[in-house]
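Shared chain: chain A. Partners: chain B in the first complex, chain C in the second.
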Partner chain A sequence: MKFDTVIMGGGLAGMVAGIALQQAGKNTAIVSMGQNALHFFSGTFESLQAPSERLAELFSAAGIRVHYRKGVRLMPLGTFKEAALSLDDIDLFPTPKFGRRVLIVNFLGYHDFFSSFLAEGLEKQGMECRIRFLSLPELDNAKAHGEMRSVQIARSMDRIWEKVAQEIRLLLKDEDTVILPQVFGLLDDTVPGRLRQAIPARVVFAGTMPPSVPGVRTQMQLRRRYELLGGTFLMGDQAIRAHEHDGVVHSIATHNLDAHYLEARNFILATGGLYSKGLVSNPFKITEPILDLDIDQPQDRNEWYNPTFAGEQPYMGYGVKTDEQLHAIKDGVAMQNVYAIGSILGNTRPELGSGAGLAINSAFAVVDQILRCTQNDNEEPATPVILSEAKNL
Partner chain B sequence: MKPNEFDVIIIGGGITGAGTQRDCAMRGLRTLLIERSDIATGATGRNHGLLHSGARYAVNDAESAEECIRENMILRQIAAHCIDETDGLFITLPEDDLAYQQTFVEACRKAGIGAEIIDPELAKRLEPSVNPDLIGAVRVPDGSVDPFRLCAANMLDAKLHGGQVRLHTEVTGFIREGDTIKGVHTRNRQTGEETDYYATVTVNACGIWGQHIAELAGVKVGMFPAKGALLIFAHRVNNLVINRCRKPSNADILVPGDTVCVIGTTSTRIPFEECDNVAVTPDEVTLLITEGAKLAPSLSQTRILRAYAGVRPLVSADNDPSGRNISRGIVCLDHEERDGLKGFVTITGGKLMTYRLMAEIATDLVCKKLAVEKACTTAQTPLPGSEEKSYEAVAQKVWEAPTTAQKAAASRMGTRASRIRSSNRRDDDLICECEEVSVGEINAAIDRMDVSTLTDLRRRTRVGMGTCQGEFCACRAAGLLVKAHGCVERERKDLADFLQERWKGNFPIGWGDTLREAEYTQWIYKHALGL
Partner chain C sequence: MKLQEYTTSAHNFEECMKCTVCTAYCPVLQVNPLYPGPKQAGPDGERLRLKDPYFFNYALKYCLNCKRCEVACPSGVKVADLIQSARIKYDTHPPKLRDQILASTDFMGTLARPFAPIVNAVTDLGITKKVLDFSLDIDHRRTFPKYSGRSFESWLKRRSKEQAAFPEQVAYFHGCYVNYNYPQLGKDLVKVLNALGVGVQLLDKEKCCGIAMIANGMAREAAKHAQHNVEVLGKAVSRGLKVVTTSSTCTLTMRDEYPELLKVDNSAVRDSLLMATRFIYEKLEQGATLKFRADYHKKVAYHTPCHLEKLGWGVFSERLLRMIPGVEFTMLASNCCGMSGTYGFKKENYEASQAIGAPLFEQIKTLNPDVVACDCETCKWQIEMSTGYPVMNPISILAEALE
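So, the complex of A and B:
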C-alpha cells in the first residue's frame, strides 16, 4: 500500500496534518491506536491565541465550533484558568465573577462531577450557589450497564436533553446561571446550543473526570472530515517498526496489517508522549519505540522526576530531537523524510507552544515543509487502498 | 471521673497501641488512645503484611519463632477478616545449600511449627509462579495479614468497649507531679487545639518514636532505627508466601496480599532524625527486583505499583547506649522500677505478629499498677468483623446474591459489612474501580472509623491502593468527604496531599506503565481538572 504520507498517530497533531495534506491533494493514511490526548481534552487549545485563518477554516469545515476571547474559564474543581481559543462548550469570561446566583445541577449517583468544589470556588468569587441533583430513570438504566461515567451519560443526553431542560426549568428559582456537567453533545453537537436556548438562564458547562465529552466529539469530527477528504484512517492499529535504508524510511509495518507494509514518500510521527506510548521508558532510559530516535535525557534516572507532585516534572519535557524543519534525528543525523509533531516533541520546541497549540503548530509546519519539498516533483500515482480489506486483516 | 480523666492513656496508634487499648478496654479500664497522625502510619503499615509462621526465626531465634507460631494460630481464630490463610514455601535454589533445609525443618519442629518437606514438583504445582529451578521446598503455615485492617479492628473493638481515640493529635509534653506522670499535654495537628488529658498510667507504644516520647517524659529508651525497603507489584503473582530457605537475608520474602504482592526487605541503619521521612533509594529498588525475580521470575516483567520503606522499632534490651545488645524481642519497661518514674510504661520491640502478646504483657503491667485483677481475653475473643470465617458466607448473608464488589467489601470488612448502608442503590455506586470500593463502604468508614483525610480513608478501605493509584477515585472520594465534613477548602488541600503521597511511592519506580499512569494523573489534575 503506497501513500504520499503516512501519519503515525490519530490525535490532534496527526489529524490536523492528515486533513491539511488531504486538502492539498496528497494521499495519506493515519495509523491510530484509538485513544489519544483528545480523550482528556480540556476544551481549551493551550498556548494558542486567535486561530489563524487556516485553522479557523479547518475547524469550520470539520464542524468544530470554536470561539476566541482572552479571558478565564471555569475548571472542574472550581478554580479559574486563563484561556483563549476554546471549543464552544467552554465559556470564556472577562473576570471570574460571571454571575450572581448560580444553580449547580448534577445527576444523582454521578461522582465524576464536582459540584461542591465548584460551589466553593464560585462562592469565593462572591457568587451564591445552590446544588441540586436530578434523578432520571433513563440514567438508572445506563447504570445497569456499568458505572455512571461521562460518555455513558452523554449517550443518553443526546436523546433526553429536552427532559433535562424541563427539569431544570422547574428547579430554577431566581438564579441567573445554571452549571451543568459537560455531558452534552457527544454525537449531536447542536445539543449544547439548544439546551442553552431552552433554559431561561445562562448555561455554563463544567468539565468532568475524563473521558472528555467535547474531546471525544472533536476526535470524531476530525476523523469524519479526514475520511471525507479521502484519507485512509486505520483505526485500532499501530506502527511497530520502520524499514529504512540510508537514513530514508520507505515503509512501516503495523500490528494489524502483517506483511502489508505501508509505503510512503514521507512519514510523520505523531504518536504522542509516554501516556500515548509514543515514548516508552524502562529503568534506564526513555526511548522512541518505532525508529529509536534520539532523545535528550539525563543518564541518572533520579533527574527525571520532581519529588513534588505539583511541580514541573522533567520527564514530561523529554522528546525526540528534531532539526529546524522538524525532521526527526537518529544517531545525530536528521532523517530527510521523517517528521515529528505534537507531544512526542516534549518541550524541545518551546517556540511552537505546548499541548494542543504545539500539536497544531507543529502539524502545520510539517505539512508546509512536505508541500514545499514535493511541489516540483513528479508524483507517482498512489495505489488506492480498500479500507474494508485493511480492517479485516 | 471528669471527661478528660482516664485509667490509662496509650500513646501511639500503631498495632501495639491499638492492641493495648483493646486489651485494657476489655478488662474494663477507661482508655484513651492518642496518635499524632493516623492509624498504622509507622512500622505497622510499612512491612510485608506477612503472617509469620515463625519459620524464618526458627534457626536463630527460637523464642521469637515460638511466639510467632502461637500468635499465628490465635490470629487465625480472632482476626479472620484480616487474614489470608495462604500457607508458605521455603525454597532452596541451586545456589543455596540444600543441607540447610534439614537444620531448618528440625528447628521449626522444635518450635512447634508444622514444616513439611515437599517435592519441588509439588511446590511448582501448588505455586506456579515459583522459580522452576528450585531444588528443595518446605511448606509452612505462613499467611498474609492486612495490618491496616487489623489495627482498625483492634481500635474499633476498644471503642466498642468504651475506649476513646484522638487521631491527628500530638503529645507535646507530660504532666508530671514529683516522680509521677499524671497525664499529657496534647495538640491537635489539624485544628491546633490544645488539650490536657489525665490518667493513672500512661503507656508509650510509639514504636521507633518511643525514644522521643520517653525523652519527653524524662527517661531514656535507646532505639536503633533500621530501615527496610519494599516494593508492591500490581498483581497477585503468587498465592503462597515464598521465602528463601537460607539464613535470613535481603529481599527474600514475597507475600501475596489482597490484589497485590509485596517483596522485601532490606535492612539499613539510619539516623533517628530520618525516621519521619524515609526514602527508597535506586540501589534498594534494583536489589529488590533482582532478588525478587529469583523467588518468582515473572516479577521481572510485572508492573511495580509502589516503593515504600518502614523503620523497625529495634531496641536496646537494657539501658545500653552502645547498641551492642539489640533485641528483636518484646520489650516492656516499667519505668517506676527502671527509672523511678511512676505511672509510665513503655512497650516496644516485637513484631506485628506478636502485637497481641505485647498488648497482653503491657496490659498485665497496667492492671498490676491499677490493682485490677482481670484476666486477658483477647486471645479468645474475635475482633469485630471476624465473627465469621468465610467472607463469602458473610456476603451471602448480607446481600443474598452479592456482586463481586460486595464480596470484595465483605472480604475487607468481615461481618461489619452488614453495617454498609443499603438504604438506596446509590450506595452501590463504585468510587474506586481498581479495588471495587462502593459509596456505602466509604460512608461506613467515614461514619465509624475516624476518617478525616483521603489517606486515612485509603488505610481503611483500600481506596487508591490499586493500579490507578488514586487517579480516578481520589476526586470522587473527596466529594464524599466534603459531604461528611462540609469543608471544601480543607478537602482541596487534602486532595493535593493525597496525590503527593501517592507520587512519593511512585517515582522511585517511575518507568513503564507506572510512569505512563503518573503522566496521565499529572495531566488530569493539572490541566483537565485544575487542582
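So, the complex of A and C:
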C-alpha cells in the first residue's frame, strides 16, 4: 500500500501528526502496536501554556475541550502541582486552597480512588473534609468480580450520572466543594459539565488509577477525527523493519501485513519511550528496535539508574538522536525522510518541551517540515494506487 | 543477566506491566458480572495457575476469544491466548452434548444438508426452539443459519474444467458455512476471481478449521483437524498456489491459533493463506482491473469483525468497498457484535451477547444503510437477527457490482 507518509505509533504525537497531515491533504497511515500513554493521562498537557491557534483548532475540530490559566491542580494523592493547559475535566486554581469545606465522594467497592489521602492533603491546606461512599446497584456488576476499574464505572456513569447527582445533593450539608473520582464523560463528554451544573457546590474531579477516563476519551476523539479525515489507522499492528536504500527508507514491514509493505515518501517514528516499547533495553544496551537509531547512553549500566528509587532516573531521559529538523540519526548520519517525534526523543530536545508538550510541538514541527519539502518538490505526492484507479475504471 | 535477556514466557505473559489498558476494551467485562476480565483471567491468573492448577477459574469460559484485549495491550501480551490455553490445559470437564453439537459444524452440515428444507423448517419452528432451549440450553430467541440443499463443493466440482482453464489459479478454503449454509458467497468469490483471470480450485478435502471445537472444550479434536488442514493446505502450496478464504475467523484460526493454542506447526503454509480481499486488493495494486456497473448504487456500512481486526486486514475490505463506484461507504465504530461463533447460541450467554452488540446495532439503525458489509458469518447472523438489516460479505458486494 502506498502513502504519502506512514506514521509508526498512534499515541498523542503520532495522532496529532496524522491529523495535521490529513488536513493538509496528505494521504497517511498510522500503525500502532497497542494503546498509548494517553491511557495514563492526567488531563494536563505538560509544558504547554496557552494552546497555539492551530492546536486550538485541531482540538476543537476533534471535539476535545481544553482551557488554560496558570495555576495549580489537584493531584490524585491530595498534593498540588503547577498546571496550565488542561482538559475541561480538570480544575485549575490560583492557589491550593480552593475551598473551605469539602465533601469527598467515592463509590463503595472502588479501590482505585484515594479518598483518605486526598482528605489528608486538603486538610494540610486548611480545608475541612468529609468522606462519603455511595452504594449503587448499577455498579454491583463490577464489584462482583473485583475488577472494578475507572472505565467500567464510567460506562455506567454515562447513563446514571443524574442519579449520582441526586444522591450527592442529599449528602451535601454545608460543603462548598464536592470531589469526585474522574470517572465521568467517557463516551459523552458533556457529562462532567452537566454534573457540575446539577450539584449546588463546586465540583472537582480527582484522578484515579489508570486507565484515565479523560485520556481514553481523548484517544478515541483523536482517532475518530483522524479516520474522518480519511486516515488509515492500523490498530494493533507493529512496525518491525524498515527497508532503506542510500539512507532513504522506501517502505516498512509490519507484523500483520508481513510481505505487504507500507510504502511512503516520509516516515515518522512516534513509537514512544521505554514504556511503550519505542525503545527497548537489555542488560547491556538501550536500542530503538525498528531502525536501530543512535541513542546517547553511558557504557556503564550503573549510570542508567539513580539509586534513589523516587529520584529522577537518567534512563527516562534517553532518546533517539535527531538533527535540527528532527530527522532521525543512524550511524551518525541524518536520514532524509525519517523523522522522530514525541517521547521517543526523551530529553534530547528540551527546547520542544516535555510530556504532551513535546509530543505536540515535535509533531507540528515535523508536519511543517514535510509540507515544506513537498512544496519544493515538483513531483506529485504519492496517492494510493487503488483510489485513483477506481475513478477511471 | 543472560537469563533476563534470553528468557521469554509463554504467550508473553511476563511482559504484563499491570497497566489495566486491556480491561477498558474487553466487551464481556462490561456486561457479565461473573467474568474476571482479561487482566485477571490472563496474565494475573496465569501466575497463580502456574503455582497451582487449583486456581483455574471456570468463569474463563465466558471469554469470547475476540482478541480485543490483545489488540489494545501496549506490551504485546497474548492475553486471549493465555486464557484459551488455560481452558485447554485445566478445564477437565467433558464438553456438554450441546457444546459438542455446536462445535461440530462440518459433521452437522453433512447430516443436515440432504434434508435441508426439513431441517430449516424444523429449526424455524417456535416449538423446536423451545425444545432446544429446554433440552440443550440453546437459546430459543436465536435464529438458526439455514442449510443449503447442495453443497458448494459439489457446485464447484462440476465446474473444475472450466476453472482450470484460467491462466492463474488459487485454491479456496471455503469453510463449513459456505459449503453447507451459504454457497452463494463461494459462487460470488468465483465470479470476482474469474473476472480477474483467476481460476478457483478446491483443496483436497478440507475439514472445519476447528475454532468451534477450541471454544467448546474439544481441543484434541481440533488439533486433529488442524493437522489434516495443514497437510492439505501444504499440498496446494507445494503446487505453487495461494489459498484464499472468505471467513476472517477460519483464517485467524489456521494462521495463529494452530501454532499458538493447538501447537500444530503451520509455518510451511501460513504465509500462503490469505483473506480473498487481500488477494484481490494485491492483484489490483499490481495493475489488474475490474469493470463495475455504471448503475450500481448502495449505501454500505462496514463492520470489521474482531478477528479481522486482530489479523489487521480490515483495511483491504475497506479499500475494496470504497473503490466500487456507487458505493456510499461508512466505517462503523470498532465494536464487538457479541456473537463470537457459538458463544451467543448458548442460553447462558444470550443476554450478555445482545448487550455487547447493542452499541453496534444502535449505530447501524441510526445510519440506516442499504446493507451492512462484514467478513464474518457469525457476525452476519447476529447483526441480521438483531437489527433486521441485511449483511453481505464484501466479496458478495464486489460480485454484485461487477459488470
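The rule we apply is simple: the second predicted complex is superposed on the first by the 373 of 393 C-alpha atoms of A that agree within 3 Å, B and C clash if a C-alpha of one lies under 4 Å from a C-alpha of the other, contacts with A are read in each partner's own complex, and residues count from 1 in each chain.
The rule is simple: a residue touches a chain if its C-beta (ideal position, glycine included) is under 8 Å from a C-beta of that chain, and two chains touch if they have at least 3 such contacts.
A quick note: this is a predicted structure, and the numbers were derived from the prediction, not measured.
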So in the superposed three-chain picture, is A:Asn361 touching just chain B, just chain C, both, or none of them (first/second/both/neither)? neither
State whether A:Glu227 touches chain B only (first), chain C only (second), both chains, or neither. second
Looking at the overlay, does A:Gln297 come into contact with chain B only (first), chain C only (second), both, or neither? neither
A:Asn337 contacts which: chain B (first), chain C (second), both, neither? neither
According to the stated criteria, A:Asp258 is in contact with first (chain B), second (chain C), both, or neither; which is it? second
Which of the two partners, first being chain B and second being chain C, lies in contact with A:Val151: first, second, both, or neither? second
Would you sort A:Glu46 into first (chain B), second (chain C), both or neither based on which partner it touches? first
Using the touch definition from the top, say if A:Tyr305 reaches chain B (first), chain C (second), both or neither. first
Output check: A:Thr5 vs chain B and chain C. Expected answer is one of first, second, both, neither. What do you get? neither
Pick out the shared contact residues on chain A: the ones touching chain B in one complex and chain C in the other. 40, 147, 209-210, 275, 277, 282-283
Where on chain A does chain C make contact in their complex? 1, 33-36, 39-40, 140-142, 144-147, 149, 151-152, 155, 209-211, 216, 224, 227, 232, 234-238, 254-260, 275-277, 282-284, 384-387, 389-391, 393
Residues of chain A that touch chain B when the two form their complex: 37, 40-42, 46, 75-81, 108-109, 111-112, 114-117, 119-120, 143, 147-148, 207, 209-210, 212, 273-275, 277, 280-283, 301-302, 304-305, 307-310, 313, 315-316, 355
Which stretch or stretches of chain C touch chain A in the complex? 1, 4-5, 19-21, 23-25, 29-37, 39-40, 59, 70-76, 271, 278, 281-282, 284-285, 289-292, 309-313, 315, 319, 322-325, 331, 333-334
Tell me, which parts of chain B touch chain A in their complex? 282, 285-286, 426, 429-431, 433, 439, 472, 475-476, 478-480, 482-483, 488-489, 491-492, 496, 499-500, 502-504, 507, 510-512, 515-516, 519-520, 522-524, 526-531
